Amino acid sequence: MTDLTEKSPALQDVAAKLFRARSHSIEVEARPRTEVLEKPLTFNPPAPKRYYFYLMAPAIAVLAFISLYPFFWLIFLSLQDVDIGGGEWVGFDNYIRLFSDSRFINGWTLLLKYSVICLTLQLSIGVLLAVVVNNSRYERFLVTALLMPMMMAPAVAGLLWLFLYNGTFGWYHWLMQSVGILDSASILARADTALLAVIIVDVWQWTPLITLIALAGLKRVPRDQLEANMVDGASPMRNFFSITLPNLYPVLLIAVLLRFMDNFRFIDSLLVLTGGGPGSATKILPVYLFEVAFKFFKLGRGAAIALTLLLVTIILGKILVRVFENPKAGRS
Amino acid sequence: MASVNIRNVWKYYGDMPAVKNLNITCPDGSFVSILGPSGCGKSSTMRMIAGLEHISAGDIHFDDLRINDLAPKDRDVAMVFENYALYPHKSVYENIANPLRLRGATDATIRERVNGAAKLLEIAHLLERRPHELSGGQKQRVAIGRAIVREPKLFLFDEPIAHLDAKLRAHMRGEIKHLQRTLGTTMIYVTHDQLEALSMADYIAVMHDGELQQWGTPSEIFNNPVNAWVAGFVGEPAMNFLTCDIVAAGSDVSLRHANFDLPLLSSQITQLNGSSKGGAARMGVRPDALSISMEKPEDRAIRGQIFVNELLGGDMLVDVSLDDCRIRVKTTPDFAGKPGETCYVTVNRSKWHVFDAKDGHAYF
Amino acid sequence: MASRDVVTYETPLTKLIRVLSVVFLALYLVWTLLPFFIMFISSFKDLLAAFKLPAVGDWSDIGVFFDFTPTLKHYRSLFEDNAFGTYTMNSLIAAGGSAVISVIFGSLAAYSLSRVNFRGKSDLFFWIISTRMAPVVAVMVPLYSIFRSLDLVGTLPGLILAYTTFNLPFAIWILKGFFDNVPYAIEEAQMVDGATRFQAFRSILPLVAPGIGAFIVLCILFAWNDFLFAAIIGSGGAKTLPVATRELVQPQNIQWGAIMAAGVITTLPMMALGLVIRKYLVTGLTMGAVKE
């Protein structure tokens, strides 16, 4: 490294003069000879943008009907005690009762626990896998293989794993028994392992998504940064942690938020696998909501629960959109 | 062919005016260049003429036809875009044929016109290619081909050669100018490169901050800039500016600076308005209106020190340090001064300019 | 021209890492693909063969998995005794219908959102995308009430409309990204050349066509794989493949062979489609946030 200030006075003089030389390009406040009015005397009529609104109208109308209208309907429902027979106005009763509903609180806790464990596993395995795949000669083939679980309907995946976990003839059950992790009871039948079982299915199906996202992120790690760091003396390992990983944060943040919201959105495989049981061991909030609304037909209460779920989703969505628009924001 | 009249035109983006009260008249068949730095409103002006932007206030006429409310397709203009805007999925032939197809020409006409345009632009061998197989210069020719294939009233060129390399740019300048002369169609050419404007246009409109600074022929713009901004923007190497005092002594008036005290010519004194005598002013002089020598040639020569020499092939630029500033002098390559040596600079006073110190407008 | 990969140098450590990563890859591939394999094989086993399992801890007897005579009877019974032909058609119509509607309306809206600015645009955009992110169960309650009052429950049009709730916002969001990538100057050039506003719009469609095609496929994928909407809105007259597969699970008599066969029928077409649009899959699954 050379520092100009350590050099001879002559050089310093040149540097000083160079800086002065810049001011030599002129910036004179210039006004044309004719006086410019501050504002036009009259404006032309504005340009019509109607064309665009016509194009947007059908989509907005459909969305309003299937999203906005149901949303207000939901609020309206949540203020009533509705079941098959009819409704009765109860005000905020549904909400007040939620606070003392242990299954509601249990639902939220389980949902968070489920999401956090799923994401931790998916992230660690997924990123590791991405790094390995990225260095592999068979990347195309590997990615193709990884895609497969995501193409499967979650409900079908649930059924498939129900078969694999089956306590009498499931091959995975046999495997777990043989290595001594399980006794004869199925992993799904025990309250302490059922949650783990559904997590495994989620990890099986969606880790590849994290891998693909991380892979796309890896491709875009700026080469020059890696090379500059190497020339500065970093080992490949250090390179990974100081350059590659920080560059992955924005995409991984998006991946995490997406998966988090999907855990709220999709309960297909969980419904098929355990239906929330045994007991309430896997009754995460959306499953509980499903039960309240479509098993007991307590539509009012269901609506109140749904609104709490919606609220959290909207907050998460706001964060996600902000990250979309400014990926760098996710790094701080 | 048509003349273009821009009358009191304003362009607002939200509350921000991008073009302020613009008045330009482009004579029929002329080559007009709109010159200015980025953000000066020149592109907005062109887009308003093309119909791609709404005209916030004022009118634009082609001859006597007010075109404010006409759709672009009804204005009968042809435009070449900065990034060429070729249709990536169509062949060169189809790209050039597009305006004719949209206007319902017969296949035979199209073939004839496209081949004619391709021949004129020397791209006949490229007609079957796709835009992504072309070089920058070729793409640009295709874009021009698309513009000239029919006979529009008006050509609009929006920095068409800004993305080409220097050599090709110089070549295309000549070609575009020749093309316009051959076709005789009115042309409006937007550029930020003063050299393009000076070398090609019949008239130049210099814009800055949304305002028209000066309208005139290239030599008027170059030799008689209306203000310090135009003087500084036009010309390469740029004009030297020195802050001086105007000192009146009897009937003589002179410019006084720490390093010199030079009298104005008598014709120039009359051009100063009375109040400015005795105030501060900015003197502007182009490097080629200065001469440099190592021996003192006459009493009025300015004493300075050579700061650095730049040899530019046929010319040499010498930066000379005065007490508090630096000026640039253009001389011949055989100039022998070395940096650090004392030298003398003579000003050709018939070619200098004096600008008002506050608003920058030129006295002469 | 620089080489594509960052240069690496061989050390004992990197060798070890390379070996470990191959092992990891192999294990992961088995873990990912084994369930498919078991599903596929089991769909050709008859009831008794499917129940055959080695004794606990008896690793040597693992070959019993392959000890069966392949039979197509599960597939046959799905289509003959059960109405899987109809269910496949239902799935196709519901998924395809919603995909086409979503992409048509979506591309019009996406185009305008990409090309015009107006106050409140970002709010509108957020509303659109939050519609897509809303939990299915949460919107199911009111949607069911509304659909019931319109007699849409248990009909294919109802199901198409239900799928549109998530496919349309998705299409708008993704397609806007596509249109954003097409320079507006191309349309402007068209207009100056003599095209009307609508002709100019049409002229850039070929440029986004590959993307639009891929997203029709993605919309089909999402709708095809849906279970909740199909189970509730479609219950009765519009049974789709995932629901029909699920219904094979009876309390007393679970027909595992048939379920595995139904799983194969449901999954195979989507795998094929997934491969066709591989290039767009990551973009699609991350809602455009990550481009491959």
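When the chains are written out, they are named A, B and C in that same order, and each has its own residue count from 1.
Operating definition for what follows: contacts are C-beta pairs under 8 Å (C-beta built on N, C-alpha and C of every residue); 3 or more make two chains touch, one makes a residue touch a chain.
Note that the structure is predicted; figures quoted are calculated from it, not measured.
Student: Two chains share more C-beta contact pairs than any other pair here; which two are they?
Tutor: Greatest count of contact pairs is found between chains A-C.
Student: Would you identify the chain whose C-alpha centroid lies closest to the centroid of all protein C-alpha atoms displayed?
Tutor: Of all chains shown, the one whose C-alpha centre lies nearest the global C-alpha mean is A.
Student: When the centre of a chain is set as the mean of its C-alpha atoms, what distance in Å lies between chain A and chain C?
Tutor: 17
Student: Suppose each chain is reduced to the average of its Cα coordinates; what separation in Å results between chain A and chain B?
Tutor: 52
Student: Indicate the whole-number Å distance between the mean C-alpha point of chain B and the mean C-alpha point of chain C.
Tutor: Computed from C-alpha means, the inter-chain centre distance equals 57 Å.
Student: Show the residues in chain B shared as contacts by 2 or more other chains, in ascending order.
Tutor: Correct list: empty.
Student: Find every residue in chain C that makes contact with two or more other chains and list them.
Tutor: Expected reply: 197.
Student: Please output the residues of chain C touching chain B within their complex, sorted ascending.
Tutor: 183, 185-186, 188-197, 199, 203, 206-207
Student: Along chain B, where are the residues that touch chain A in the complex?
Tutor: Listed in rising order, the residues of chain B that touch chain A are 8, 10, 20-21, 54-58, 68, 208, 211-214, 226-230, 232, 238-239, 241, 282, 307, 319, 321, 325-326, 355, 358-361.
Student: Flag every residue of chain B that touches chain C in the complex, lowest number first.
Tutor: The contact residues of chain B facing chain C are 50-52, 71-73, 75, 77-79, 81-83, 85-89, 98-99, 102-103, 146, 156.
Student: In their shared complex, at which residues does chain A touch chain B?
Tutor: Contacts found on chain A: 17, 20-21, 24-26, 28-33, 36-37, 40-44, 46-47.
Student: Which part of chain C faces chain A closely enough to touch in the complex?
Tutor: Residues of chain C touching chain A: 6-8, 13-14, 21, 24-25, 28-29, 31-33, 35-36, 38-39, 42, 50-54, 56-59, 65, 101, 105-106, 108-109, 111-113, 115-116, 118, 124-131, 133-143, 145-146, 161-162, 164-165, 168-169, 172, 197, 221, 224-228, 232, 241-243, 245-246, 249, 256, 259-260, 262-263, 266-267, 270-271, 273-275, 278, 281-282, 285-292.
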